[in-house]
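Take a look at the structures below.
Shared between the two complexes below is subunit A, which pairs with subunit B and subunit C, respectively.
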Partner chain A sequence: MTTAVKPRIATVSLAGCFGCHMSLLDIDERLLDLVEIVDFDRSPIDDIKTFTHRCAIGLVEGGCANDENVHVLEEFRENCDILVSIGECARTGGIPALRNSIPLAECLDEAYRSGPTVYNPTGTLPTDEELPLLLNRVVPCHEVVRIDYHVMGCPPSAETLWQVLTALLSNEKVQLPYELIKYD
Partner chain B sequence: MSDPIVTICEHYHRDRSRLMDIVREVQARQGQVSPEAEAVIARELGCKPVEVQSTVSFYAFLSERPVGHIPIRLCNDVVDRMAGAAEVARAFERELGIPMGSVTGDGLFGLHWTPCIGMSDQAPAALIGDLPVTRLRPEDVPELVEILRLSKDPHAIPREVGDGNNAHPLVRSMVHNNIRRSGPVCLSPWPRGEAVHRAAAMDPREILETIGTSGLRGRGGAAFPTGMKWRFAAQAPGARKTVICNADEGEPGTFKDRVLLTEQAGMVVEGMIIAARAIGADEGILYLRGEYEYLRAFLESVLQEYRADGLLGSSIAGLGGFDFDIRIQMGAGAYVCGEETALISSCEGRRGDPRNKPPFPAQKGYLDRPTIVNNVETFCCATRIVLGGAEWFRSLGTESSPGTKLLSVSGDCERPGVYEFEFGTPLSSVLRAVQADDAQALLVGGPSGQFVQEAGFGRTIAFDDLGTAGAVVVFDHSRDLLEIVEQYMEFFCEESCGYCTPCRFGNEVILQIVHRLRTGWGKPEDLDLLRELGQVMRKASRCGLGQTSANPVLSTMDQFPHIYESQIARPRGFDLAAATSQAEALAGHPSRHLEKEGDHA
Partner chain C sequence: MPEEVTLTIDGKKITAKIGQSILEAAEENGVYIPHLCALQELHSTGACRVCMVRIDGRYSASCTQPVSDGLQVEVESDELLEIRKMIVEMLFAEGNHFCPCCEKSGNCELQALAYRLGIDSVRFPYQFPQREVDAEHPDVFIDHNRCILCGRCVEASRNADHKTALEFIGRGKNKRLAVTGIVDLDRADKAVSVCPVGAILLKRQAFQVPLGQRRFDHEPIGAEVESRNPEVRTP
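== the complex of A and B ==
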């Protein structure tokens, strides 16, 4: 007897607030249905840090704010058949991209030297090679790799994510009712 | 004191069909056609304000908002960009302290982009007010702006006037003819007036017969047999008929009509008179593109001379009943107005929207009268055919394409300018004549024509091989063809009248895909999508613009497939080194992901 291989899902939060992942957890008991039909690969949900297998679906929260984000996103593109960016940060850069109109040096200066609550007598900036380097500007995921689908919302509701995942897994057209894509 | 706008309307007898002239004058005088002015015009003409607004909003040289007392319009065509238009634009931006597409605070200057102004052989070029300024260099800009600031008058720009009639007191422009090769039909002397006398002595049917057997085909791009067009109009019932000369010359890289109008204007006028005799027309219109306003006074004087000589007006050449006069209709910056039905709409004072055919203009054209529209060069040929005979004309060129063709050559060559070649001339001979020895591609017929690669340089200029309205643009091996394709698609997006979806939307989608390909985001499916879109546009667009505007893409996909395939193969477009440049400087070390990036890039 052969065991049917379950499709694998990977998820990641780049420059996001984890709100999109919280929303995914909000599918509540349906998580149990989900793990019946899929295996989670690299994801904060199971804390697997590197890809173990090729994945059918990758869910990306957050845009790219640093070189680490870019690197991880490229790994996701390489290892996932379908890459879905979820949430406004992934799609537009979102809140982190608010810094885009301010030169990076000014941002770091405010954060590490001149901000009202900063105590940094030597005035040094973080330079350790292990630390990610910030990008000149925060970019949405589709400026870095090809993104196959995007799910809107900040965050997309649990129901929306559920509908999208089940549609993708059953190879059907996603049909989101009006109330799931109405935001005001 | 009466309102100047009312005076202008009175001057045109409050004739709704002269709306173009009225709004052009208001624009010239006030630097805009404000909503208030539109309301006055509508009241005077007895039409709705929205009709005036719809015309004003259609044309690039008309604007509800101020465009500057001295509008500076820089040509942003491909050829000008190759010649350094971007640097010239930067220089103007610096001097005027405003970005392209805006007006200075004092309202004195406006800085705008405009498509080809018909000076591609002397690029980069601009229109300052009505005045063409050619061969612009960034270092000339500060002085130019200084003079304009002081004088507030473009005509104060010191200039060495060009050759021939460019030095005529009514022209005085720095434009050069750059006539590099004259042929026996268009660019050689002709006995002024003689063709009109002959036509007056001929029976109209005889003229139709002569033009028909000469095998003359339209020089404006569509290559329709001229004799047949004239015959349709002659046979069409109608008390009044119209002859229109299409001097809109908007196809980027085409400037041969400009040279004909400068040096051979009489030949053009005589061709129109001959046509009038042939079809029985009493009214002629020379539709002159707004960009050639600087030639208008001169052309008016040419018409006046013909009237003075009894060759235009009533009883032409002494023939009772042969009454025909010509007026000049100015355009106002719209490529699509070169399309004959759009041109007719424009002559009637409307938006330059193309119309459905049939009915063809020969049946129902200007003000619903039977109308023929022909290119400037076609009329020149007609004059020469009446003088030299159909047989002589047929002895030139090829069986399918008798006669000669004017080519306007620009781009990467030593001798850009106007060349009169017999049909049947191979591109290789053209290349030798223009001294282009590093040509990667030739664009024959402008962006709505086709790109030809080296292997095709043996092909000939002829309607059954490479048809063209005259533009030949040379691109050497240093040029990025896909970038050029993208720029031509921007042109079509800008110029589509927007009436039909395949053209309005198709051009935009093509542009998006080409942009995606250029920046490394192309998908393999994109190539099929481009082909499919191109076919849909060709079949389903209403006028020639949309039917041919995918050609830059389709013909390069055919001739230069590698420029597309290499883009698809490119793995990705994110430049991590550039994206971390600021942080690298602050942290003192580059991104540790860079090396790995390089590995799989």
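== the complex of A and C ==
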């Protein structure tokens, strides 16, 4: 048996809801076809936390809401030949970016002090240094690093992700039919 | 004076009636020119600039430019496509357009145009402006986050509903839609139904049409215009 080196894929969810990853799992039995032709590197799918090899494709779900997101995204750019932003949060900031028109201090105050269901008699805000610092604004991935492809959808359907992945892996142009092009 | 004139659109001769705009003449001949603010039954104001074409080499909004004999109109060129894409991207960057949580999604002309123009990311930094949602009216929401200032509702309120219930106030980036308060907006008003985006919505109607049955789920915007012309294939 030959052991040809398979292209590697890395995936991550930054400021996202993991919905895009669920959609990837939703390719169902085609997952078996996928693992025949690729190996997963850093990804929540195999729970590898750091890059082990250079990857052919990096799939990024979610935009950047904190400094750790930015750091991870930069790491993905460094370690992936093709970087793809997956879904509306990665592409536009998405739902987390709804906070962008409200000053960060007001958001934190609402969440930890004055919200109707908050119990916080000392009024402290989370300050543990292990916690990533929030950015003033949630930004889409392409405002942080160069992104090669954008896949639309909230989440992109399993069919969309499958078509994009198979096109990229076979060096073909990504051409989605009209019905798979959705911002929602 | 003759009733009809002949002009050329992308090299193809068409006849048009005097008084028609280039946009109307093109549509009648099965040529779709992307547009957001123009609407057949309303007076065109040329607000959105998406319907930009080149007429005898000059850039002009085709919805406000009347036809005349012998005009050479260019609609489909890489340059014009790029201009249209840029204008639509600017609209996305300027407002707060969160498609996944907008009830107009799937029926929205701005979104459908972005699909048609192949916009997969916006080249301009998102502005995320601070804007209000006006929910005071018993039957109508006005969500300024999604308003693209196309002026359809203002035009409809003035000239179709004969009410002037809505007007623009402010200038430049502070321009916004305002309720005049002189007369009440009614849920049956034309001004309420002409919004191309989700800025004016009837209350208690959200998400009634299931996914897969919405206006732009299967056919791109403009497909109905192009179906009048068998030579043009919808992308």
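As a convention for this text, the second predicted complex is superposed on the first by the 179 of 184 C-alpha atoms of A that agree within 3 Å, B and C clash if a C-alpha of one lies under 4 Å from a C-alpha of the other, contacts with A are read in each partner's own complex, and residues count from 1 in each chain.
One rule holds for everything that comes next: a contact is a pair of C-beta atoms (placed from the backbone, for glycine too) under 8 Å apart; a residue touches a chain by one contact, two chains touch by 3 or more.
None of these values were measured; they are calculated from a predicted model.
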Which of subunit B and subunit C A:M152 touches, first, second, both or neither: second
Touched partner set for A:E143, first subunit B, second subunit C, both or neither: both
First (subunit B), second (subunit C), both or neither touched by A:T92: second
Which superposed partner A:Y119 touches (first subunit B, second subunit C, both, neither): neither
Partner chain in contact with A:N100 - subunit B first, subunit C second, else both or neither: second
Touched partner set for A:I181, first subunit B, second subunit C, both or neither: second
Partner chain in contact with A:E129 - subunit B first, subunit C second, else both or neither: first
Intersection of the subunit A residues that touch subunit B with those that touch subunit C: 137, 139, 143
Contact footprint of subunit B on subunit A as seen in their complex: 66-68, 70-71, 74, 78, 103-105, 108, 125-127, 129, 131, 133-137, 139, 143-146
Of subunit A, residues touching subunit C in the complex: 85, 88, 91-95, 97-98, 100-102, 137, 139-140, 142-143, 147, 149-152, 154, 178-179, 181-184
Contact set on subunit C toward subunit A in their complex: 92, 96-102, 105-106, 111, 114-115, 120-122, 125-126, 128-131, 217-220, 235
Complex interface listing, subunit B residues touching subunit A: 521, 523, 572, 574, 576, 578-584, 586-594, 596-597, 600
